[in-house]
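Quick heads-up: structures coming right below.
Okay, so chain A shows up in both of these, paired with chain B first and chain C after.
What follows is the complex of A and B.
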């Protein structure tokens, strides 16, 4: 019997962080984001940065499905769009308070995803991706075709009342303050996701991802944990959708289109979907290419495509995975 | 937990007209080690799959300690104390050994992770991802996952497949020791006759989906039909320990 690992580097322990250190890091992360608007005077830059953060949250929702469930989704934009529309509709039609609108916008897509998840999570591989595409496009069609309610492709504009959650609603409209809101949501989501991933439940979902058959033979039902992850991913997408809706005061069907789901998937793959922060990194890279290359050419998606091919072939673990391996190499010296 | 009786009556498995198992009866006594042998294609793994719930038999029944479990899911059977290992290594390759054994332990009523890891000499590898350990260690990890929770009945599908002769002997000793310590009922599918004859108290011989014979190892080894169908010269070689 051998007691030596075949790959010596494999003995590397995972980084384990105690709760006080985690809370300290969380506070530092929140504080650093709050300091950014003091250092950047340009409203345009802050506006771009906060949009990048919203996309990073969205990409994280795609990454959660890949990391915890081993599943690729082409339909996350459906939940993002659903949340954005629910918030917009409830506020615009004055169906309820804006606070309740936000809660509903988070709860309804999450609950919908949970119920759908119970039905679809056992579907394997490509078939699952196609089902999520169908779900996303169904939600898109609701936004596009249900004109009496959604205004169809004209979109839906709305204005927030003077106060939301006892705060001046201008907070959601000013790039400087909205950057802080988006940053705080982003940081809390990443820390929550990291906690979940390390928790017994997160370990179970990764075991199910690795080998669903064996997971059953050690005594676990595999449907409920996967459905819960699908719902959690939808919740994160919904958070991004609500932030988008609040900041822009306008929603249109394009935000629920499958092409945005595809963009989220590209962001996750570029950044490294097996890392908690990988998809967010990919979103920043994607957003940067879109803004910089977009100034020179309308063909900016070609740059993204080239990078996607390069990453897929050369660094399958994404830019995040590359950074981690470089960091490990430096640390071992 | 102590060993339980497992009985299968008239187990028949048909796949698109092909009869993989034809009215097979077996009885596993509490705390005993039974061997299931036969040539490739005899239906050994199919029988293990039918007993463990991986496939539903076309006919017949399976009972565990007198309770009919034929229609129970894999998870329900596991909760009743039935566990198994696999012919092809069936582990969680991306998880460290510690993580996957901990996940398995959380689903079990008896928390015996340390005991299992120590018993199977996996303690030093606990922080290594399973994909990075040797094949022999992966086979023992597969067995460890099955042993977590001290099952009442353990179905072992060729646990020594791909191991060296020394590793096989070592594994046989380990299985026998764990079974004696925990009084587990074991059904062992194995081609290595040295392993089979050294630890099994009774043998079932399958041939072309039918039960050819069963009995104690000496009786089975002397059976001419068994020698013709399967054992051949290995009957003379095995069981020296």
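What follows is the complex of A and C.
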């Protein structure tokens, strides 16, 4: 990965996308998602698709840390799970209105990640991965062991009141409408992430990623921007967690387990973490491998592991990077 | 009270066997071995396979894992030594998945148990309270490894080379030490200790393909607290975490597993390189 140019777009002709074009693209992306449930009648298929989208959002969260901070996290499922649990707990115990529950479920993990980020972003690669693993597992253990509150391994079921955000809460339960909700969140996150990545702040974090000493020497704080990225990544994971929680109406500790963090990492890597949409592509590939290889054998993780090793060593830019270079080759003809 | 402290030392000893392997591998190869928990698990399954004779199982766990370590070093770590840390983390994570799935394929997902050897199945009377003899044996194993390892590192030529290579592999190589051969030995030893830890832990825990996860996470915490690359730090931190874990489980079970984590965060704030370490 170190031999690769850090920012693949810099080596190609940069397409400058102006604001109106971006907004047009955004509108088109949102609209195309709305059309999908009209074309696909099978609610099973839609349900699978919306779960894939939630995992794509989650994978994007892992990808943000890799692209902007150059760091691997083994603990993003902790924030995903925390958000899902907070939403579930607040609604089930009627501690606050469901709207507030959703806001809290997004804000608390983000704030937690920001505070933790201030402490840990300076830690170099290997130790950072270990520390995030410990953070994720600590959150998992809280869900698993704090029985009086979280119900432990049995999980926590809840039902939404009739209306949420002035909308009929059935919207979050029926696959057709929930698909649109997830799709819109996903598209907004990707656009927000693309904008952030292009912004001066995004460029600054990439500069810190490539050479922290020099960035510090120029006069930038190298802790705060990276902590903000860590918080942003946690926010994205929290969005995925809330969507999961709303759709399923049930949370259990397994969603915060480190193996899910690992799955998110694999998705990001095989899809291409240096691309905005790479991790999402990886999530779809992963989902597909799980469905296909899972039918043949219980040992499908071995297959995933082998693919992870192969992609890491042979195509460090991931399947997404492969697509981009193919596309470039065709265009140059 | 004494019993609780001893139980903590048992767990700390296992953590030490794991952590010191991680430190050895990191020292020579600058690789954070995320597959270390899988090596622990394979060690336990080797002991299960030989459960007719416990001693044979433990010896084979050590030897087979040593061989795996040598293969791992020659086949994976050496080619990757100039690569980014990120790549080695991902590749060792991939190896973890492959090993776990491989063991699942052979032995299934069911939980297995390994009996303690007949010789040590009794209890020992320690000042009025009974303590399983096998647990004392675990303590003895980890302490012997700790003592043997420090003597080896301090008083032999190879030990000197290992310490030198941990500080600066390049300069050590320039001085005429074959660091690649050294690293075969050291990674083999690190893996063998993980296998030994797995075999020794097998009678105490439920043996399953995912059993490596719990211990490897706390081993990582130990390594971070002790300072990545510090052998003495690993021992002190392992004993500390062993006690904290154990007392936590008894008195505040629901929060027990977060204490080592909180300690780690505390250490990171107080001394970002760990107790003993220069580098992390």
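In the analysis below, the second predicted complex is superposed on the first by the 322 of 333 C-alpha atoms of A that agree within 3 Å, B and C clash if a C-alpha of one lies under 4 Å from a C-alpha of the other, contacts with A are read in each partner's own complex, and residues count from 1 in each chain.
Here, a contact is a pair of C-beta atoms (placed from the backbone, for glycine too) under 8 Å apart; a residue touches a chain by one contact, two chains touch by 3 or more.
Model, not experiment: these values are computed from the prediction.
Asker: Would you sort A:147 into first (chain B), second (chain C), both or neither based on which partner it touches?
Answerer: Once the two structures are laid over each other on A, A:147 reaches chain C alone.
Asker: So, A:65: does it touch chain B (first), chain C (second), both, or neither?
Answerer: Touch partners of A:65: none, neither chain B nor chain C.
Asker: Which partner does A:306 reach: the first (chain B), the second (chain C), both, or neither?
Answerer: In the superposition, A:306 contacts chain C only.
Asker: Thinking of the overlay built on chain A, is A:124 touched by chain B (first), by chain C (second), by both, or by neither?
Answerer: Touch status of A:124: second partner only.
Asker: For A:228 in the superposed arrangement: first (chain B), second (chain C), both or neither?
Answerer: Neither partner.
Asker: First (chain B), second (chain C), both or neither: which does A:138 touch?
Answerer: second
Asker: Which partner chains sit in contact with A:90 here, chain B, chain C, both or neither? Use first/second/both/neither.
Answerer: In the superposition, A:90 contacts neither chain B nor chain C.
Asker: Which partner, once the models are overlaid, touches more of chain A's residues, chain C or chain B?
Answerer: The partner that reaches more residues of chain A in the superposed model: C.
Asker: Residues of chain A that sit at the chain B interface in one complex and at the chain C interface in the other, please.
Answerer: Residues common to the chain A contacts of chain C and of chain B are 1-2, listed in rising order.
Asker: Which of the residues in chain A end up touching chain B in this complex?
Answerer: 1-3, 5-7, 10-11, 13-14, 200, 203-204, 206-207, 209-211, 213-221
Asker: Contact residues on chain B for chain A in the complex?
Answerer: Per the stated touch rule, the residues are 52, 54, 73-75, 78-79, 83-84, 86, 90-96, 99-100, 102-104, 106-108, 121, 124-125, 127-129, 132-134, 136-137, 140, 145-146, 148-149, 167, 170.
Asker: Using the touch definition up top, name the residues of chain C that touch chain A in the complex.
Answerer: Per the stated touch rule, the residues are 26, 30-32, 34, 83-91, 93-98, 100-102, 104-105, 109, 213, 217, 220-221, 223-224, 228, 253-258, 260-262, 264-265, 268-269, 272, 280.
Asker: For the complex, which residues does chain A have touching chain C?
Answerer: Per the stated touch rule, the residues are 1-2, 66, 70, 72, 116, 119-120, 122-127, 129-131, 133-135, 137-138, 141-142, 145-148, 258-259, 262, 265, 269, 297-306, 308-309, 312-313, 316.
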